[in-house]
Amino acid sequence: MFLQQLINGIAQGSLFALIAISFSLVWGLLRMVNFAMGELYMLGAYAGWLVVMHVTPNLGVALFAGFMVGWIVGWLIEKVAFKAMRGVPHIASLVCTIGFSFFLKETASTLFGAETKSMPSYYSQTAFTIAEANISWLQVLMVAVAIIMMVLLQLLFYRTKVGLAVRAVALDYRTASLMGMKVDRVTSLAFSLSGALVGFVGVLAAIYYNAVNAGMGFVPAIKGFTAAVFGGITSIPGAILGGYLLGAIENLSVKFMSSGYRDFVSFLILIIFLLFRPNGILGKKTKL
Amino acid sequence: MNTFMAMPLKRNQTPFWIGAVVLVLAVPGLLGGSDYLIQIATMMALYVVLASSLNLIIGFTGMYSLGHGAFYGIGAYTSAILAINLDWTFWVTMPIAGILTALVGAFLGLATLRLRQTFLVFGTLAFGEIVRILIMNWPSLTRGPMGIPGIPPPSILGFELVSSTQYYYLILVFAILMVFLIFRLYHSRVGRAWVAIREDEIAASSMGISVFGYKVLAFTIACLIAGLAGAFYAHFITFISADQFGMNESFLILTMVALGGTGSIIGPIIGALILIIIPEAFRFLAEYRMVLYGALLILVIVVKPEGLAGVKGLFAPASGARRFSFLRSGFSAECEKVEGAK
Amino acid sequence: MILEITKLEKKFGGLTAVNAVDLSVKEETIHAVIGPNGAGKTTFFNNITSIIPADSGRIIWKGERIERLSPQAISAKGIARTFQNIRLFAYMSVLDNVITGTHNHYKSFVWGAISRNARYRREEKESRELAMELIEKVGLADKRHEYARNLPYGEQRKLEIARALASKPKLLLLDEPAAGMNNAETEELDQFIRALREDGLTVLIIEHDVRLIMSIADRITVLDYGVKIAEGNAVEVQNDDRVIEAYLGKRRA
């Protein structure tokens, strides 16, 4: 039982970790939060669902579709809510992304209807059993894909010129722009990438939870943010750590309290960390 | 129109306010007694109160909160539970609801107001969700997901208020009182301290203003008012459940303030009126109206970030320079240069 | 000595911005703090007003230690300041800016504001009158309903001084008040600061305008790299070898 929960926690933690990375990517560059992250996740899920139902059951294609949809909508949000609003107060951007969150959610529920869609079940069959704990191919896949994604990101940031540019802009926006870097392009790119990442996660989640609906993004987005704060939103390794820890804690906590309180744990962690350790487990102690 | 709205300083707006009051008093007559329309007008008055109270936090003092819906809910639940379980009259349960909400607000404020900006948003958001989860999972007190039906209407001198027109006037009086109270606070030593904090915390503290104390005060008063509004709402609508006070509610109130304009008295009022009218006015668009509402919000924020009738955009200074490292584990950027940076 | 500072020290990471500085300010004098850019002058002011508390050292104000107090407590003790990078309340009127400066002297609170009782009305009237007086003194009377942000730079500096004076301080800290002022305005400022001293105020001033300093300062302290390198009257400081080196050395004055 314990083992099963742990395995579920790790699988789920992969999702949280990827969302957390998206948050810390945007946070690092703009010191802002994209509130519509959950809706990008939801759109990715719908994209994946459409592909699986109407085009091909190939999971790779579905994941790619989610990635692309997230990329495009993320790019759009950056243009409208951040780029066009540079120089205006933070909260305006924040409220603007809240507007997007609302707009995208309502658009999706108008387009696809209010009822929850489900995915074909052949993805979630049990792959093998260890000590009475069932592991599905999907769980294996989720963890594998998440790790591959993280490695790719790491390579992107530390082995490519684009990655160097992103890091430079994150380090010091002004100096980077004085040195002739195309700061706007870099920001836009990172933003789109963060959108693509959550779109991608959306597809995984759609299959894992076997449910797609317009409101599905809110809770995972908050949990992704919690994971980011938990591990340290200022660092990607922190975000990853936070994601897995949160996944594990959440699934294990079900042992101790009724499932109605499941989300409670995350919110509590969020508040406690914001108050007492806003830079997370890995972050240095600095006032935010 | 912006001149007199955006100048908080030059008084004599009395004729305008008197005109406004006369107009709202005449609303039921103008609407020809249609129950449906009068109920919408009542909701408008209620949201005017909610948006104006959030404006204390956001517009005057320059803080953030995404938990306002939860405070509204605490007020509603408190009053409803007391009225049903203990059979107390509205005139007792309503103030208790307000005070309890204010206490919770003060407590949250003491804990979170040292957080800044985005983190405060998420802190209050998480708090709001916790409140909702508690309501859902505490059936012995709140009836959990079933909600509380049959909340008794208030009565005045033995008369039960039952018709929508009577309610309209009750809530209208409440709204006018609250806006008046906020207006007076704003134009006082207290209000100046709040605005000073919004404009520049460091300068405010070296003028002798206790920054933290005044922040907690603003938060507490805003929560008090939201709690009272919750009580009025509960007895007006007679049925409450947790999802009426969730995240969407907080979003909606925040949006009203942002859209109408922050830091002025009239801004949140305008925002509340518009955002209640729009979904109703576009009812013929059926399900598309919510889409439109989202799009409109984006549009207004992008075109006029300070809102339609705000004094200025919310407090945070534009920041092009405050970005910092994130790809290393942890970051070592010193706290921003407080002073002396050129 | 109204203000006595001993061994004040403030580090930013590896940089010692204020290094074991001693300073004594005599009542009703104008005491200048000068030094090249980055010498630590502003940090020194921030330490005194607790905006950035010092790491160590003592600050004794009228015989009482104040280095642990909060900025608002220090303001209540009668120490007011202006800021090098002007910190006005931008979206407040000129008048309200100055009235806010009187915050310390009044007590009316939420109930007073709502009920507008007698005390509230008296306090509002008093603070308004004091503010108007100060605004007239700095020559901004006809702009009193403008937002502070709409004033030209020089006038913003004057407004900041008026706001600081509204708290009726005993000690006024001015951080480069003449920066951005033209000659005529600087001359006015010269007279203004002298008049403050005649009214019984003590002034601690940071300024790069050498002529202004030499003209008004009773005593001058020179900082360089956070260290006090010289102290004396205008003539003594001008002839001090270390001061000449600090100013004419590798770095620009």
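Chains: A, B and C, in written order; residue numbering restarts at 1 for each.
As a working rule, contacts are C-beta pairs under 8 Å (C-beta built on N, C-alpha and C of every residue); 3 or more make two chains touch, one makes a residue touch a chain.
Just so it is clear, the model here is predicted, and its values are computed rather than measured.
**Q** What is the chain whose Cα centroid lies farthest from the Cα centroid of chain B?
**A** Chain centre farthest from chain B's centre: C.
**Q** Averaging the CA atoms per chain, pick out the one whose centre lands closest to the mean of every protein CA shown.
**A** When every chain is reduced to its C-alpha mean, the one closest to the whole-protein mean is B.
**Q** Averaging only over C-alpha atoms, locate the centres of chain B and chain C and give their separation in whole Å.
**A** That pair's centroid distance is 39 Å.
**Q** Once you find the CA centre of chain A and the CA centre of chain C, what distance in Å lies between them?
**A** The answer is 49 Å.
**Q** Starting from the mean Cα coordinates of chain A and chain B, work out the distance between those two points in Å.
**A** That gives a centre separation of 30 Å.
**Q** Given the complex with chain C, which residues does chain B contribute to the contact?
**A** So the residues of chain B in touch with chain C come to 7-10, 181, 184-185, 187-193, 195-196, 199-200, 202-211, 217, 221, 263, 311-312, 334, 338-342.
**Q** Enumerate the contact residues on chain C facing chain B in the complex.
**A** Residues 12-13, 42-43, 45-46, 49, 51-52, 70-72, 74-76, 80-81, 83-85, 87-93, 95-96, 99-101, 103-104, 106, 108-110, 112-114, 116, 120, 123-124, 127, 145, 163, 167.
**Q** Under the stated contact criterion, what part of chain A meets chain B in this complex?
**A** Against chain B, the touching part of chain A is residues 24-25, 27-33, 80-81, 84-92, 94-96, 98-100, 102-107, 109-110, 157, 166-167, 169-174, 218, 222, 225-226, 229, 232-238, 258, 260-261, 263-264, 267-268, 270-271, 274-275, 278-279, 282-284, 286-288.
**Q** What residues on chain B touch chain A, complex-wise?
**A** 58, 64, 111-112, 115-119, 121-123, 125-127, 129-130, 133-134, 136-137, 247, 251, 254-255, 258, 287-288, 290-291, 293-295, 297-298, 301-302, 305-306, 313-333, 335
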